[in-house]
Amino acid sequence: MTSGPGCGAGAAETFGRDRMEQILANGVYLGAQYAMIALGLTLIFALMNVLNFAHGQMYVLGGFVTYTIYGQLGLPFVLALMMSCATLFILGALIEKFLFAPVIKRSSRDESTMLLAAGLAFFFDAVILLLFGEKQRGVPKIVNGVFNWDFRLIMPYDRILICVLAILSIVSFILFMQYSKTGRALRALAQDRTAAQLMGVNVDRFSMIGFALGAMLAGLVGGLLVTITGVNLGMGGPTSIKAFMMVMIGGAGVISGAIWGGIILGFMEAFGLAYLAQYGDITYLLIFVSLMIFLAIRPQGLMGKPWG
Amino acid sequence: MIKLSMFQWVGLAIFFLGVFVIVPMMIVSTGRTDLFFTLTSVGLLAIASAGVWLTFYIGRINIGQGAFALLGAYVSAILVTKAGMSFWLSLPLAGLFAAFVAVLIGLPILRLRGVYFAMITLVLTQVFTLTALALPITNGAKGITSIPLPGAVSIFGLTLIPDFATLENPRQAFYFTTAILMVLTYAALYRIVNSRLGHLCRSMQQNEELASSIGVNISYIRILIFAISSFFGGIGGAMFGSIAQSVYPSSFQVADSVNFMLNCFLGGLGYVFGPMLGTLVLYFGWDLLFELGKYQMLVYSSLLIILMLFLPNGLLSLRMRKSGGQK
Amino acid sequence: MSALLEVRHVTKKFGGLIANNDISFDVKENEILSVIGPNGAGKSTLFKMISSFLPTTSGEVRYKGERISNLKPHVVARKGIVRTFQETTIFKSMTVRESIVVAQHLRAKASLAGYFWGSKTAHEDVESFGNYADDLIDFLGMAEIANEQASNLPQGNLRALGIAIGLATDPKVLLLDEPFAGMNHEETMRMVDLIRKVRDERGVTVLLVEHDMPAVMKISDRIVVLNFGEKIAEGTPLEIQNDERVIEAYLGSADDEIGM
């Protein structure tokens, strides 16, 4: 994991940074993509109590798949996105089945999965380095033009499109979790593993599906965002850290918490970059410090259940 | 008054002989003095990892040791370059300051458990890196450079420690200093684990509520352990700064914090000497794979994963007889 | 006999929900007092407040005239009021003996630093911990499982281990959390004997919270009955058995715990 503030998912340049309308729009845009990243992480955590260090790397991998199919091969963007999802879904399923499940079964401590996840993060970094190199990669714009409301709110159409797609994905994910049979089984599993097993939920199978879904969400955001921010090897680690923060703000393992966490971080970043940009990395320092103070007061996060 | 078995005495004697006599002699005779530097790094990382291991012992996954190593490195560097203090005085001060900061930060965050504590300590490392970038006293991204080598220490005209700058091979001097510090650290760790404090830690690791019901002041022990852990981190960091003669915000970052944690996991959390072994194996493993060029990272991480798959309880779990943590 | 433990107007609210409303009673020295009630009557909430594992909303608990509610649990333990847990709360990877040794924390005379350097007091402590542990193991008849790891013990022994850990602290008052839960008749009777023995031979005052009516009737000197968070009766087992409100509460609850 490499660090370095500000090279995360979508911190990039902002437009007309002192207008309130603009800041709010940037907040929504950042918040939507962050929420998606956090959703995947929190899903994996809720189901298996695994802190997926490799989440950021999965996001980057998703970006590179879309880059290859849409940017290099010139195939349609939608197809590339679907391939990003499919790749990460399959990868997630395999990782759960052949790595996490056996280690969880054999280890005397829950924490061993953290080492495994950290090893995976390094592994993905290595694979990405070999396949795609260290350079920043970009793809052609998916739509051209800029939305301009009287210079009060300026936003390129591609950003608006990506933002809408992200929100749609979040909504469909929630609906899926709420109403589909799989979603209900996953929720039962997250709530109480033993009870779910007693109720006849195939725990092994749904753990695998859940992990795969979490990985898929990371891949999907990666695929979406490569069209705007591009993608590079160094993005993985910082993205994981941001995802951890969002999950903590909202309360680990809680779906609504992850969404709130994403939105809050997105808005904090939008405001911070607008007002504090001239002080360099102070924005992130302030975000991190205020998060720590928040957690000191409310350890379970916004939506988490009180414990301990 | 420490009771050790015959087997343990022999092991200890071999260890001392190896670290203080055989290894240095071999290095000097083969002329590979760069190995002094490598081994010194291993020793210092093992000191910091010992701290991480200790926080594991109270059931907290600590991914924040990089923050305290960085803090120690800066405190020592600032005291030496700006206040003209002797390095040998700045070293314990760096450790103590790290411990002091750990108390302040630990008060709120040690209430968190499990993955929550892990995540927040990870963020803590990032906070310290960013703070080092932002503060004037740390000189931002430029860092603090040209830190003088440790000076001489003498009492009543008797030179106890020579001025490192006058030595023919300061690396060798750093090696011995580090070896002594590492021995002290692990001796302390061994005593902590095998004395009452260690027993209380174990009780907390297994169930904090039950521990408090038998009268253990769990918040006090948590803070105490976190402070000791960070003290080790601060000492390790300060030594590093002195050897490199420079400190940058990137000297210790999230990846280092993760590595400290990995050292402990790899060696095994149930064994006092686990972090030392883990550090040695990870560091040399990484070095040995250097030959592989661009495949270094791939092979290294694959090995990590495979190791985890087959030895999920650490390297020392290979030994049937348990030492240290299991009495 | 004077009151050792006084529960005075203790009330607990969770948001709008009242878990315990204005509960008062005394525990006299060297008696066995049981708090009973149907499911959801607020027994375990009251139990946690007495051991300071939960703060009270209002009211207080006193021990020898000194307030012990709303303190840190370890402070209350230090004063000699020690609670046990149900069987899952043990030191899983310690043996029975190790658990008992570690639980003698409060009897330590040496400081933590003293143990670190290996001072004389520390050595004396370690020796006395060992002797005391052996005594206690004998007293509880656990010699056969003394060196067994707690996680390997069968369910039946875990409850006794919990009581052993509590007793190791040398308490004045032992608070037992459902000591008979999930036990068959034979096990229950053995536990009843054990608790009696603890009181008779070690002079420990016992307050327990329980479902199992027959056991409670057999063991208690006095009983406090809760229903819907309120105290509805207090008295000897005989008085309680004939109390109309108690019968009504238990019949009304349509629970499977009408063991009387």
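Letters are used for the chains, namely A, B and C, taken in the order the chains are written, and counting of residues starts over at 1 for each.
The rule is short, and it goes like this: contacts are C-beta pairs under 8 Å (C-beta built on N, C-alpha and C of every residue); 3 or more make two chains touch, one makes a residue touch a chain.
Nothing here was measured: the structure is a model prediction, and the numbers come from that model.
Considering the contact criterion stated above, no chain is in touch with chain A and with chain B alike. Of all chains, the one whose CA centroid is most distant from that of chain C is A.
The most central chain, judged by the distance from its Cα centroid to the centroid of all protein Cα atoms shown, is B.
In terms of their C-alpha centroids, the spacing between chain A and chain B amounts to 32 Å.
If each chain is reduced to the centroid of its CA atoms, chain A and chain C end up 47 Å from each other.
Between the CA-based centres of chain B and chain C the separation comes to 43 Å, rounded to the whole angstrom. Chain contacts: chain C has no residue touching two or more partner chains.
Looking at the complex, you find that chain C touches chain B at residues 51, 53, 72-74, 77-78, 82-85, 89-94, 98, 101-103, 105-106, 108, 110, 112, 115-116, 118, 122-123, 125, 165-166, 168-169. Residue ranges of chain B in contact with chain A, taken from their complex: 56, 61, 108-109, 111-116, 118-120, 122-127, 129-131, 133-134, 208, 253-255, 258, 261-262, 265-266, 269, 294-295, 297-298, 300-302, 304-305, 308-309, 312-313. Those residues of chain B that touch chain C in the complex are listed here as 1-2, 191-192, 195-197, 199-200, 202-203, 206-207, 209-210, 212-219, 224, 327. For chain A in complex with chain B, the residues that touch the partner chain are 1-3, 5, 45, 49, 51, 53, 99, 102-103, 106-112, 114-116, 118-120, 122-123, 125-127, 129-130, 237, 241, 244-245, 247-248, 252, 279-282, 284-285, 288-289, 291-293, 295-297, 299, 307-308.
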